[in-house]
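Chain lettering (A, B and C) follows the sequence in which the chains are written, and residue indices restart at 1 in each chain.
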Amino acid sequence: MNYSWDWGLLFRSPHIDWLIEGFRNTVVMAVLAWFIAMSLGSLIGVMRTLDNPVAKRVGTIYVEIFRNIPLLAQLFLWYYVIPELLPAAAQKFVKRDMADPQFWTSVVGLGCYTAARVAEQVRSGIQSIPRGQRAAALAMGFSTAQVYRYVLLPIGFRTVIPSLTNDFLGVFKNSSLALTLGVMELTAAARQIEEYTFHSFEPFAAATVLYSCVTLLVITLMRVIERRTRIAGSVGSGR
Amino acid sequence: MGFDWNVIVNNRGLLFQGLMVSFQLTLVAIVGGMALGTVLAMCRLSRFRVLAVAAGFYVNFLRSLPLILVIFWFYILTPQIVGHPIDAYSSVLIAFTLFEAAYYCEIIRAGIASVKAGQVNAGLALGFGRWHVMRYVVLPQAFRNMLPVLLTQAIIMFQDTSIVYVVGVRDFLTTADVVANSNNRPVELYSVVAVTFLVICFTASRLVGRLQRKYAL
Amino acid sequence: MIEVTNVSKWYQQFQVLDDCSLTIRKGEVIVICGPSGSGKSTLIKCMNGLEPFQKGEIKVDGVSVGAKGTNLPRLRSRIGMVFQNFELFPHMTVRRNIALPQVKILGRTRDEADARAVKLLERMGLPAQADKFPAQLSGGQQQRVAIARALAMDPVAMLFDEPTSALDPEMINEVLDVMVALAQDGMTMAVVTHEMGFARRVADRVVFMDQGMIVEDATKEAFFGTPRSERAQLFLSKILQH
């Protein structure tokens, strides 16, 4: 194979700027989408554990819809289809006045998609708590909201921290799909450098290293958080 | 603004073909990914440290990357490595197999780990050798425990095949995209894609749920 | 039959067995008791090589358990073991649980193995349960099936690791009855248990362990009459209080 290596090209302008911009967009999108996913997902997850049949139903329908359509198709729906279905005024805003529509569409799409996954984690976390805990809390006179606030959610969230870490890394990696809408994220930046320089190894290697490093960092960080929040005597706590 | 669903009817043949490509990709990736994933899992559980560490590195490394990036790697680099151009479809097959193997490896490993140590002891105490314990005691239980996860992973993978859009392989979504652009009917086509996936994946995951209840130990 | 000589075992720094010696002769029934964490379960698991040990020697029927060249599967197939949590294989029917090891290890035919299984199930008082799965049985029934599975291998000795600890009180006796019958038939047995009634009825000797050491090894009359060690006295007073 003959290939002339030129790692220096990564650090030359404008390539380095593209990489930085791409990396920043990837991280910012992931964080914003995660914020949506956690808030919406917790709500939906809790709804699925309530006794109220309507709340349960709504939660289930949300999860099934967002879990069973590919993320890429969802992004296309948000970007090409939903605006067409909006009333005229809203349509005008989305199509003309909104700044950076590709970016924000991606954030919302990623967030809603991931919310379904978070909801499932939250639900399974809550359902893994022995029923006696709920009964004990109710017996002390807590309202349903208080039972969740003080008993079920604190225990439930702790048990699903490892799975939630996975879901966060999922958002981080999935944000690469935003390139199909034209967002200049990390993978797109690598592609662009490749197209301009005809060098493919270096930019893709750079993107690969960046993705791996962030993943490693997040996993390490979450291990620390997990250890700090562990409940003494529960499964997996130290010997 | 009006909808025109005729565009779907007129292009049903093309769309169906695209859907078949998606199924085909899924099937090949399941078979290839599971075969390689089983080998990787055995390596990770092996007593040879070098093998275990190498397999662990492979799995964790690939799992830290977006599928899209892996697809690009193989799309752009395979021709450079083999020295002649290869078609996008083959490069995608390679990428999927190698990528999914990392996920299947972890599922299989977790399945084996889910069998309690007491079961292994009981097998050994009866006089079974290590291989027999694996064959008659651990693997049947592990497989039952991981079956739902394996099938769920297959459903996720079916959805993931839509990502081949980025290299232009004519799967279901890409075909719909092509039809949408040539007829200027994105709303109808993307809606149909979404609904089709929804129906297929929802039905499949319901079946998996039923299977899980039936075969739970 | 089973000779344990100066066995010591460590988990990293922590010593779980400290210079244990014990002889079980053919036809003898030994009850091993002691507070939790005293090493009694570990000791019994060393006897068929499920737990490795670092010092000393264990011989079963003249074969050294810890030696390098020993065919452990062969040795284990000749000693039956019954576990605290039964450990029946949940994906097999009761009949297959009992038959499979006979076929795969002893080389019996399927029919022979099945016939043996049915016979043993009758002896255990479970004639109608052969085609059920373990999860469909009560704990007491499961443990009796586990005993049948071990007996099907025609063992020269049986090891019991707290066989009744995971059972509801009303099921303990149905398992103990089976064990008493087995002892009266002359089976060589080592039983880790807190059931002192069982010890009184059939044990030849009682071994008391504490902190990894064998503190007392006495005939049951001596043990229950006048235990020599203070720790054994304390232990007995605690568990016989009610």
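To be clear about the criterion, a residue touches a chain if its C-beta (ideal position, glycine included) is under 8 Å from a C-beta of that chain, and two chains touch if they have at least 3 such contacts.
Please read these numbers as outputs of a predicted model, since none were measured by experiment.
Contacts with subunit A and subunit B are shared by no chain at all. When each chain is reduced to the mean of its CA atoms, the one lying nearest the mean of all protein CA atoms is B. When you average the Cα atoms of each chain and compare centres, the chain farthest from subunit A turns out to be C. Each chain gets one centre point, the mean of its Cα atoms, and the points for subunit A and subunit B are 20 Å apart. Subunit B and subunit C have Cα centroids lying 46 Å from one another. One simple way to say how far apart two chains are is to compare their mean CA positions; for subunit A and subunit C this gives 52 Å.
The touching residues of subunit B, counted against subunit C in their complex, run 118-119, 121-129, 132, 136-137, 140-141, 144, 217.
Of all residues in subunit B, those touching subunit A in their complex are 1, 61, 63-69, 72-73, 76-77, 80-81, 83, 155, 159-160, 162-163, 165-166, 173, 177, 180, 186-187, 190-191, 193-194, 197-198, 201-202, 205. Here subunit A touches subunit B in the complex through residues 1, 3, 64-65, 67-74, 76-77, 80-81, 84-85, 169, 173-177, 179-180, 187, 190-191, 194, 200-201, 204, 207-208, 211-212, 215-216, going by the rule given at the top.
Those residues of subunit C lying in contact with subunit B across their complex are 45, 48, 50, 72-81, 83, 85, 87-91, 100-101, 104-105, 135, 149-150, 153, 159.
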